[in-house]
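Some structures to go through are shown next.
Shared between the two complexes below is chain A, which pairs with chain B and chain C, respectively.
Presenting the complex of A and B:
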C-alpha cells in the first residue's frame, strides 16, 4: 500500500474542544429526553384521544424520519416557520433532545405497561388508592425497568450528535472534518475520532449489559 | 359477644359474573360464612373459585348480586346502570394472598410490610417497623427483614406476602391457590403459617388444589363447579363421602392422581 501513517500531525487540541461540545450536546439532549420523556409517555397512554393522538404523532414523527433530516429541518425550517432564530448549538440540542424524548417516551411506556397486573392487584388488596399505586408501585418499577433502554438511547444520541456537524455545530465530528482537510490526514484523524466515540460508548454499553443480566436475576 | 352466633360474617347473594358476552364464570352464587369459619373452596379449573375470591376483594367487576361483610354491604351491582359499587372502607377489613408472590420487587421485605400501614393508615414508620419485625420473627423470617424479594425462596416470599396482608389487621383472609406455584418441598412451610393463623381463629376462605391441606384446615368445604355451589358441608362429608355425583367424580379424580 505504501501509506505511511503520521499521527503526529493530528493535533489533539481541536479534537478535545470538539469532544467537549459533543458531550455537552449529549448531556443536554439526555436531560430533555429523560425528564420530558416520562410525561410524554403518560400522554401517549391517555384514554382521552385529543391528548393521546398529538402525542403519538409527535413520537411517530421522530421515530419514522431519519435523525439527519430532523436536524436539517430544525435548522432551516424552524427559523422560517416560527421566526425564531436560535444559535446552532441550541438548535442542535433541541433537535437531538426532542428526538430522544420521543424514543424515551416509548421506553417508559413499554416499562409502565410491563408492570405485572398482579402487582397492581396486590396494591388494591392492600388498600392503596390509584395515585398511591402509581407512585409507589408503577413508577419505581417502571423507571428501574426502563434504565437499560434509556442508557442505550442516550448513547445512541451521543453518536447521533455527529450529525449536527453538518449544520455547523463545532462538535467532535466537525473538528475532525476540518482537521482532516487541513492536515491531509483523514485516515489518522477519523481513526482517532472513531476510537474516541468508541471509548465513550463501549463502557456504557457494558453497563447496559450488566444491568440487563442483573434485572433478569431480579425477576426470576 | 353482642353478635349472635348465626350472624354471617360474609353474605354473598346471587353473584353473577361473566367475561365478555359468552363466558359466564359465576352463575348465581350464594354463600354465607359465619365468624370463625375456615372455608375451603375446591373444584375444577374454570369453575369460578379464583374469580369468587377476586370479586370478594373487589378486583373484578360483577354483573349482578351483592356481598356484605359484617352486616355491611360493600360490593353490589344492582342499580339500573349495572355499575359495580365497592365500599373501600369495608373492603379494607379483608386481606388477600395470591398464587404468584406479588411482593414489590423494588422494596425490601420490611418495606413491603410497612408500605400499606404507613401510606393507607398513616401509621408512624417506627411503630409499623416494630410490628413488622415482630410478625417476621413469628414466621421465622426475622433475619430476612432487609432482604429483597429476589433473594428469597418461593416459600419465603409467600410467607412474607401473608405477613404483609396481616399488617393491616384483616378480619378475613383470602388465600388464592397460594401454594400452587411453589416447589413441592416448600409447600409445607407456607401451609404451616396458615395453620398457625387458623389456630388463632382467623376467618379465612381458601382456594386450593391440595386436598391434604384442605382436610387439615377446613371447618367447611364448598365444591364449586360451573359457576355454582354444587356441594357445601363439613370436610368429612364433602371430601370423604360426597353426596353429589359431580363432587364424587372430582374427588375420585383428584385422589387418583395423588396416589
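Presenting the complex of A and C:
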C-alpha cells in the first residue's frame, strides 16, 4: 500500500471543542436520565393501569427503536408538532436524555424489584408511610444496586452522542467529519477520534467491572 | 398542520425495499457476527496470553467506541488502506459483523464462565478426553445459556443497523429520510419508520424474556 500517514495535518483545536460539546451532552443527558429514570421506574411498577401503560409504552418505544431514528425524529418533528424552536444543543440533550431515561428506568426497576420484601415489611412495622418507605428504604438500596448498570448506560449514551453529528450538532464526531473532508485525511482523523472516544469510555467500563466484582464478593 | 398518513401508501414499495435491506444486513451480520463472537469468546478464555491479549484489545476497542465512528472508519479508511474499492454492502457487513462479534463474544465468555468447576471435575472422573469435554459438555451448556443474551444482542444489532444510513446505504432509515426530505412530511414518514422498527424489535425483546424462562427451566436453576 502506498499510503503515507500524516498526523500533523489534523488540527486538534476543533476536535477539542467537539469533545467539550460531546461531554456536555453526555453530562446533561445523564443528569436527566439518572434523576428522572427513578420516578419513571416507579410509574412502570404502578398498580394503576392508566399510569403504568403510558409509562411502559414510553420506555419500550425508546428501547425498541434505533437511537438515530429517535434523534432525527426529534429534530424534525418536535418543532413542527409543538411549534417550539429550541437550540440544537437543547434538542440533542432532550433526545438523548429521554432515551437514557427509558434505559435507566429499566435498570432502576430491576433494582427496586430486588429490594428484599422484609425491608418493606420492616418499614410498615415502623409505621413509615409509603412515601417515606420509598425515599428512605427503596431509593437508597435500589440506587446503590443499580450503579453499575447506570454507569454502563452512561457510557452507552456517551457513545450515542456521536449520532447528533448527523443533525449538525457540532460535537466530536461532527468536527471529525468536517476535518476529514477538509484535510483529506480520513484515516488519521477518524483513528484519533476513535481513540478519544475509547480513552473516555474504557476507564469507566473498567470501573464498572471493578464495582461488579466487589459486589459479587460482598454477596458471597 | 394537518397530518396525512396516506402519503405513506404512495411510498410503500420504496420503504419495503429499504426494510428488506435492513433485514438482509441484520441477518448476514447475525450469522457472521455470532460465529466470530464464539471464537473470540473462546480466545478470551484461552490459556495463551497472546490470543487473550489480541482478542481483549479487539473487544474493548469495539465496545469502547461509537458504532458510528467504526462505520465511518471502515467506509472511508479501509478502502484507502487496502487499496481496493469496497461496495456499500460489503463495508456495512464488515463494520456491523465486527461490532456484533465484539458484543456476542462477551455473551459467550460469560456463559463459558458460568459452567461450574464441578463439571470439569466430573469429566476428569469419567475419563473423558479433552475434545469430548469441549464438544459434549461445555459447548451445549454454554450455547444454551447464551441464547437469551444472544437474542438481545441481535435486537441491538437490528437497531444499530440504522446507522448505515449515515454513510449512504439505502436501508429503511435512509429511504425514510429521503422520502421525508422530498415530500416535506417528516412527521408522517419518520413516525412510520420508527413504528416499523418498533414492530419488529418489540416482539423480539418479549421473546428474550420467554426464552430466558425456558432456558432457566431447562437448566433447572
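Descriptive notes on the structure:
Convention: the second predicted complex is superposed on the first by the 200 of 220 C-alpha atoms of A that agree within 3 Å, B and C clash if a C-alpha of one lies under 4 Å from a C-alpha of the other, contacts with A are read in each partner's own complex, and residues count from 1 in each chain.
Throughout what follows, a contact is a pair of C-beta atoms (placed from the backbone, for glycine too) under 8 Å apart; a residue touches a chain by one contact, two chains touch by 3 or more.
Values in this document were obtained by computation on a predicted structure and should not be read as measured data.
Chain A has more of its residues touched by C than by the other of chain B and chain C.
Judged by the touch definition given at the top, the superposed model places A:105 against neither chain B nor chain C. Legend: residue contacts after superposition of the two complexes on their common chain; A:205 is shown touching chain C, with no touch to chain B. In the superposition on chain A, contact is made by A:72 with chain C only, not with chain B. Of the two partner chains placed by superposition, only chain B is touched by A:140; chain C is not. In the superposition on chain A, A:187 contacts chain C only, with no contact to chain B. Once the two complexes are overlaid on the shared chain, A:121 sits against chain B while remaining clear of chain C.
Of all the residues in chain B, the ones that touch chain A in their complex are 54, 57-59, 88, 91-92, 94-96, 98, 100, 102-106, 115-116, 119-120, 148, 150, 161, 164-165, 168. The touching residues of chain C, counted against chain A in their complex, run 1, 60-61, 63-70, 72-73, 76-77, 80-83, 155, 159-163, 165-166, 173, 176-177, 180, 186-187, 190-191, 193-194, 197-198, 201-202, 205. Looking at the complex, you find that chain A touches chain C at residues 1-3, 60-61, 63-70, 72-73, 76-77, 80-81, 159-163, 165-166, 173, 176-177, 180, 186-187, 190-191, 193-194, 197-198, 201-202, 205.
Against chain B, the residues of chain A that register as touching in their complex are 116, 118-119, 121-122, 124-129, 132, 136-137, 140-141, 144, 217-220.
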